[in-house]
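Following are the structures in question.
Each of the next two complexes has chain A plus one more chain, namely chain B in the first and chain C in the second.
Now for the complex of A and B:
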């Protein structure tokens, strides 16, 4: 949709392509890895295709698409540093996520928030969130269930539906049904002992309620409820209690649940400002299932400066999304885009804060970069909602321009 | 590759990676600012972007000057608090009074919220009496509290923006909005070209400068007494509705 306007995206895309070309090439040359050589060429090409060709085919925001590609490429790179097969798997999930993103964008543009959409979407969202209660959880983390050879988090897949349902109910001023829907979701998450997911979702719902109604009392009450929930969870859940109260353990104590947190922070600090050097350290001691350590790996490999730069790119993505939400002509797309932005923002905050020990280990996956494949697909679906709203805004502005021409010609 | 050579390359590349990361942030920021500038230029050329019409104040309270044109967005809440999409600070208007939504081909659909009332062309609307949304067509009068407003849709939104010929009598319509040529500010004029001229009064502007009152309002009602204080008008070309600007609303909101 941005093809008619001059966009200074060429140098952003070029910098990203060069970054990943070198980042994949260096370890590939060291290990003589064919997978590395292929990724060194394929990843920059995919960044280029996604940033320049895809906007011509589907109505997506080019800046958002470029930023998303850069983040997802970082996820593939971090997995490549652990194992090439993980990198391939991450890339495949990225491809699936792009399809989900396009479908989300189309849904946002075509769907009207009527009962025909809200009821099935709410039912599917509740079903996906409650599915882990019925399945087998061998990973040991809340919200996960086994599916054949792999595990997934079905609740994450419900997020691209959850936001439109909330936005649809709030745009039609159905506050009580929206409250009931949120309460049902939170209950399902708390039954799975997924406190982090419940807090992120609760925070998103509170901010969306405030955005829809402008009611400050509702906002204060909601934030107070969130704080109470966090406090109660910290007192009741063992993992949270350990993170806050247990002192550092000795390296020999490998059974301690506090060990991953220390490794995580050590990773960040050992990278320094510039990084430990790509391929010079061995991040393999971090279990690949610990998806909340992606930011630590990034800082370790590329340094704290690069880590801060990627956080600023996250901020740019959120700013762009909030701009799309603010310029939406109707409540439903506006609230939908704002809900996606808030959810991605809160998840990023939770993931980075737990890495830097500002919060206890929350289990939140860093959007787009984390090894949590279902989270990657879900976040791309959320970005698809923002693309859809951005596309609608572009179309509306073009209609206004044509109407202005109509008025002038009729004068 | 020799390990020592790789170590030198990898340690040297750290600085390049940091530089590229900073460059990416810088270019993303420039991109955002460039898009923002372009959007502001576009909005400056299209002052009516995002709006479907105007509510012209025919009679109002102290916060509403007669003749004020309030831009109407596509959808939102009308009420007496500044955070509402349509801010109407008149007595009798609740904090959140009614919900409105523009549908091309139907007009401005309104639905009073619980406990609120509105009059559309002398038809009383409440949650019980009008459970479905009621269309406010082009030229219709909307009375909420002490405020009497007239909806004027922008031209071209749809061929049939719902102009209601039943109420297009000379006693009802009132003065014709000002043509573009007489307007200095960014005010959009409604085009009545598609409406048969026979439905318009031959002299749209009242000679004594008083706006005609709709539907049974008398001089004793508060709105009527305010209407009698309307400024004199000498002809359609010299009347310029004062329009509440987009940035005025935001300045007012932030000042609180």
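Now for the complex of A and C:
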């Protein structure tokens, strides 16, 4: 009964499946692309499995799941317009991300914020964040490291762990250890010159501290520290800004490094209100590896109105996640879900704003849609935290209902 | 717990407001003159200002008006003297978008480009003295904006 009440995403999911089926099928028919045919079946199947089947197996929020699936499928579609092989890779990461999401939800439902969980999780997340300092960075962007034939961002994979650690410490009112943990993370990120990652993580920590304690002084001090960090990194140290410009063609050459930014902005504006059309856009305008331009590519292909719709869907996702956090019975899951919501929200804002030239090009990946595969898996892991809390809320509601029935029958 | 829920709600509203701010900032991207369907064209279509073109069937691009001087230059049949549309239109400037691009851009027409160009040259031919006798249709010169 409760599950039905909490699953209003059915029609949205069906519409999304139909849209993506046609969106992959039509270019596949036009270009006689076998990859297109495969994706036309595989992507709607992934959406179906995630949105219809998974809620029957594990307690997850179906609307949240549907929204997440629609975002991820859009990422695959955008990659398909660039290169079919990229789309296949993105679809595989989408599938892996769903598995990570299920694991993350199960972790959130089972762990207790004791030392047995907090210490190892904090150590692993610090290790993952600091790992790029030890490895070889062939991408040239902060936070990346080479692993075999490919590159990844290990710090992103630490996000689904660091949020529960922070939530656990805050729920137990261990403010000093929480501050120390955040300081260590920020130091590691700044050592990698990842100013954007540090600002997003710092903002998440500040808002989560305020959400847990309600301490206005802490909030003001935290925001002031964030502003000072942004000012120092972005203005006083131009090398910081240069390190975030994409692609790192020549770190010394400001003009050539600023060129992709112009392309990105023009890509959004040239799409107009309704876009250049599916398969008719010119994604070759932007470098294929630059995940930060996903929103620009979305607006160019489907128009600015589609961009607005997707931002509204992001807002819906944030609100849904926040409602799971608000209805949590205990502080730890509530703070965990809220931390995930804040991190996704700030990352979305950073990615969209830098695409639209409201902020310097930061290097933040648009959650779920970006071609940054590590970010995709990490974001799905973060959503898994929210699913875990949502599942706990549902179980609590069912227990309440059964208790009420027992009391009524006893009376 | 109630206070925490309230703070969570405030944080969420703050995040949504951030996204809204990004959205408002993004509106300036579509004030650029795009290939099709930019904001200016949409507003012009909605307000009907773009349909202030000559009578139906006569396709003259709204971005240009044929100058009366064309009659005084018979040799200029293929290349009529064309004066561009005025760069500042008071009606358009009320939209708040008049600063960017020409007042009426070539992309803001409802006609396809090929049709507009053919109408453009047929109008020029009709105005030329040597060609005006044999042509069946002579479009009216468009009203000056």
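We adopt the following convention: the second predicted complex is superposed on the first by the 382 of 411 C-alpha atoms of A that agree within 3 Å, B and C clash if a C-alpha of one lies under 4 Å from a C-alpha of the other, contacts with A are read in each partner's own complex, and residues count from 1 in each chain.
The rule we apply is simple: contacts are C-beta pairs under 8 Å (C-beta built on N, C-alpha and C of every residue); 3 or more make two chains touch, one makes a residue touch a chain.
Treat the numbers as computed from the prediction; the structure is a model and nothing was measured.
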* To do: With the two complexes superposed on chain A, say which partner A:389 touches: chain B (first), chain C (second), both, or neither.
  => neither
| message | After the superposition on A, what does A:303 contact: first (chain B), second (chain C), both or neither? | response | both
Chain A contact check, chain B vs chain C, more residues touched by chain B
### Task
Figure out whether A:214 sits in contact with chain B (first) or chain C (second), or with both, or with neither.
both
Practice prompt. Examine A:338 and indicate which partner it touches, taking first as chain B and second as chain C; both and neither are also allowed.
Written response: second
Just to be sure I read the superposition right, which of the two partners does A:378 touch: chain B = first, chain C = second, or both, or neither? neither
- Task: For A:188, decide between first (touching chain B), second (touching chain C), both and neither.
- Result: neither
Which of the two partners, first being chain B and second being chain C, lies in contact with A:274: first, second, both, or neither? both
Note to self: After the superposition on A, what does A:318 contact: first (chain B), second (chain C), both or neither?
What the structure shows: second
Query = Touching A:18 in the superposition: chain B (first), chain C (second), both, neither?
reply = first
Note: overlapping chain A surface for chain B and chain C spans 214, 273-274, 303, 319, 331
Residue set of chain A touching chain B in the complex reads 5-9, 11-12, 15-16, 18-19, 22-23, 26, 29-30, 32, 63, 67, 70, 173, 214, 273-275, 277-280, 302-303, 305-306, 309-310, 312-313, 316, 319-320, 323, 327, 329-331, 396-397, 400-401, 403-404, 406-407, 410-411
Per the touch rule, the chain A residues reaching chain C in their complex are 207, 210-212, 214, 265-266, 268-274, 276, 299, 303-304, 307-308, 311, 314-315, 318-319, 322, 325-326, 331, 334, 338, 341-342, 345-346, 348-349, 352-353, 356, 358
Touching chain A in the complex, chain B uses residues 1, 6-7, 9-11, 13-18, 20-25, 27-32, 34-36, 38-39, 42, 45-46, 48-50, 73-76, 81, 83-84, 99, 101, 113, 154-157, 180-181, 188, 191, 193
Listed in rising order, chain C residues that touch chain A in their complex are 1, 3-5, 7-9, 11-12, 14-16, 18-23, 25-26, 29-30, 32, 34-39, 42
